[in-house]
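The structures considered in this document are given below.
Common to both upcoming complexes is chain A, partnered first by chain B, then by chain C.
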Partner chain A sequence: GINAEYGTPPHLTSTLNKQPNRFIMSIMEYNGGAVVAMVGKGCVAIASDKRYGVQAQTVGFDFEKVFRIQERTFVGLTGLATDVQTMASKLEFRTKLYELREERQMTPKVLAHLLSQLLYEKRFGPYFTEPVVAGLDGKGEPYICAMDLIGAQELAKDFVVTGTCTENLFGMCESLWRPDLEEDELFEIVSQCLLASVDRDATSGWGAVVHIINADGVRTRHLKTRQD
Partner chain B sequence: MSDSLIAITGDDFVLVAADTTHTRSIMVVKESGEDKIMELDSHKLLAASGDNGDRNAFCQYVQKNSALYRLRNGTPLSTRALANWTRRALADALRKHPYSANLLLAGYDASPTEGKPGKVSLYYIDYLASMQQLPFACQGYAGHFLLGLLDNGWRKGMTREEARELLDKCIEQLQTRFVLGAPKFAIKLVDKDGVHVIESADA
Partner chain C sequence: MSGPYSYSLTTFAPSGKLIQLEHALKAVQAGATALAVRAKSGVVLATEKKLPALAIPASYQKISVITDHIGVVYAGMGPDSRVLVKRGRKIAQQYKRTYGEDIPVKMLVRELASVMQEFTQSGGVRPFGVALLVAGVDADGEPALYQVDPSGSYWAWKASAIGKGMLNAQAFLEKRFKANDELEDAINMAILTLQETFEGAMTEDNIEIGIVSDVDQKFRVLTPAEIKDYLDEIA
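Up next is the complex of A and B:
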């Protein structure tokens, strides 16, 4: 995605002292977090950490960033926590309305386009969140997609990552992923990629959750991780 | 940031404490006597920190809308519903006319709603409108001093006495080590019998 060097949250800007302060973070790093999605054989995996923090302070350990928006489609959101919650809420609203009108589930591709539109509509005052969509379409074909904070989609056939440790995640995924992973292997690999990456990021971690989606359903596992 | 709020949950009660100072920049407007814990209804408390004007205005807004719901629908909102409503109100205001108020919302629900277990709940909502349900929480600089202490001392199913003891330790810590440690804290408790004022904000 684009390098979003957006301003700092207001209570951190000093009107008196203009010297650089190493404790001030970009708005995308204020809460921290990590999400990764991967394609396997007839299945997809999506995983996130569970930390809810405010800069260096960790406040909660139950903040899952992956939401089950449709039966077989998940959306993972990182970035500013308030916008993660707002976007998840907006998506739930729109998909429920879709289900009422169309009497069917929204496919992941359509959901990704909806999400992209919702983000771009705030082009000049965006939501500070970079989502990842992962799901299976009607035919059971895996679909994953990532977006920047103004809705520019990035389709991938292998894996997508978002959060404060994307460099770590890209490195891990590139090394460990291979095509046609069976479910159990996929679970192992997604878990290793996520854990190794967040362990080197101060603002991510404190627990992890992994969802494996296949034609029969979803398996959710919570990982025991380093609590630091 | 300079206001301190602390809340601790037990199985069937929530203890909420707030400092009672009113400060403006480097000046102390009022050293004690400011009540920062508002009673939203018979079984809910909303503790708020931040600018005095925003704090009062927003808390009243939540209180009156909670009452309106009850009048219109004949039944009060559950704590979880009210917390989500509050978060949404803050989130909508964030990009229009933001309130700089950090909140701790605690409530007792007579019947657990929507499949959620437990009768008491505590919600931490920061001024950017991000929300978490937590077993204990702090707002402001207090967290830097107390979260470690609370991690260590909190246990599920604490009694009221144990919780009060832990809270007293927290307040003592702030008064010893925090440069803005207030001399007086107001303490309120909410349980099945409603809101109890343990320590009044008034001197």
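Up next is the complex of A and C:
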């Protein structure tokens, strides 16, 4: 289970009652994971790893962290796995009701705003997840944004990243991304960014899934990666 | 709530009607005429504003702004309409806080209608003694006009009238209404329709006009000076 000393550096923790082969992690690193979203020409890409781990141990490799919330809008969530699942479920609930009441799809911008509200509601006892929204609005314009665990939005025109290897992801994306990428190029680049980043992160990886969203639909591809 | 007023005042009569609602409609029908016309590029709300000679016209407003892009006029009990306007304003802002977008007219109407319906099925309250005409232009540029009744029923209209002169006004509108009129024509039509049921001389101080156009999606109430211009044109 989660150690009460999570987040405390090892040299400040008690040396008594310590179980062997156990290491302390912050709550945001307990399960691990990575998500990246990128803007291309008339399209967006969103990708995640598929690892489900409990600290150092991997217990699953089909835990995708990207959810199709609307026709052309995806949300990727990293952080504590239970909160990833709960937030995805809450979003589905809200968007389905919205669709029924308003008789229209929720645009990515509105979804992001709603998500921000949902997170901020729990300002003093937050959901431990940092989501990323990626989609195309009604006019086919790409939209991506990232958020911290209490809903602070970061809009971007190029790419957004979240998870346990954001430093790696930022470095890779900054180097490889350029504007107006065509779909095939975008797929290559987002895949390379994700793979190279998670390969250097112990708690991310074990497979990856990439979604490319354009005006005609969504193409989903699963990547074969190092299984470690 | 308990005691003698814990039962609902709106209980079914054997005929299947809610007598309180029938009475509420009478209150609406006793109110000064209000009407609305939807044009291709916007909506007009218009109403008589008959005041005693010593009253100050500017202090009494029948047409209210609910949000930047939605306005409302009522027929019936003014104080009841104020409650609904206040509720409608809050609903619209809460929507904006949640979704970051302006509330679509249809959604606001639905919520207001839902509020009015609550008051027909709760203990110790009476239905609202107003019918509302809600006008607005959505973000996609579509003009929308809805009527909401004390029962909570609502319909979308191309043109409608409520209050004292509604029958005459509706007959007039049915004959004269043209679907693709521009907003300017609709304003003239609204004024002419008001004149049909108006007793005495119409001036810029005894009628009120509100418009919303798809150009800027801003609902506003016309100033007496602007109304005077329209009246002069028609005269």
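Keep in mind that, in the parts below, the second predicted complex is superposed on the first by the 206 of 228 C-alpha atoms of A that agree within 3 Å, B and C clash if a C-alpha of one lies under 4 Å from a C-alpha of the other, contacts with A are read in each partner's own complex, and residues count from 1 in each chain.
To be clear about the criterion, contacts are C-beta pairs under 8 Å (C-beta built on N, C-alpha and C of every residue); 3 or more make two chains touch, one makes a residue touch a chain.
Only a predicted model underlies this, so the values are computations on that prediction, with no experimental measurement involved.
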Put chain B and chain C onto chain A via the superposition and say whether they clash or fit. fit
Go through the superposed model and pick first if A:Thr82 touches only chain B, second if only chain C, both, or neither. first
A:Asn31 contacts which: chain B (first), chain C (second), both, neither? first
Specify the partner with more touching residues on chain A, choosing between chain B and chain C. B
For A:Lys109, decide between first (touching chain B), second (touching chain C), both and neither. second
If we overlay the two complexes on their shared chain A, which of chain B and chain C does A:Arg101 touch? Say first, second, both or neither. second
Quick one: classify A:Thr225 as touching chain B (first), chain C (second), both or neither. neither
Just checking: does A:Gln117 make contact with chain B only, chain C only, both, or neither of them? Give me first, second, both or neither. second
Just the number, please: smallest Cα separation between chain B and chain C in the overlaid arrangement, in Å. 23
For the chain A and chain C complex, residues of the former touching the latter: 101-102, 106, 109-110, 112-114, 117
Residues of chain C touching chain A in their complex? 97-101, 104, 106-107, 110
Which residues of chain B touch chain A in the complex? 1, 87-88, 91, 94-95, 98, 100, 124, 126-134, 137, 143-144, 147
Chain A - residues contacting chain B, complex: 9-11, 31, 52, 54, 57-60, 62-63, 80-82, 84-86, 89, 125
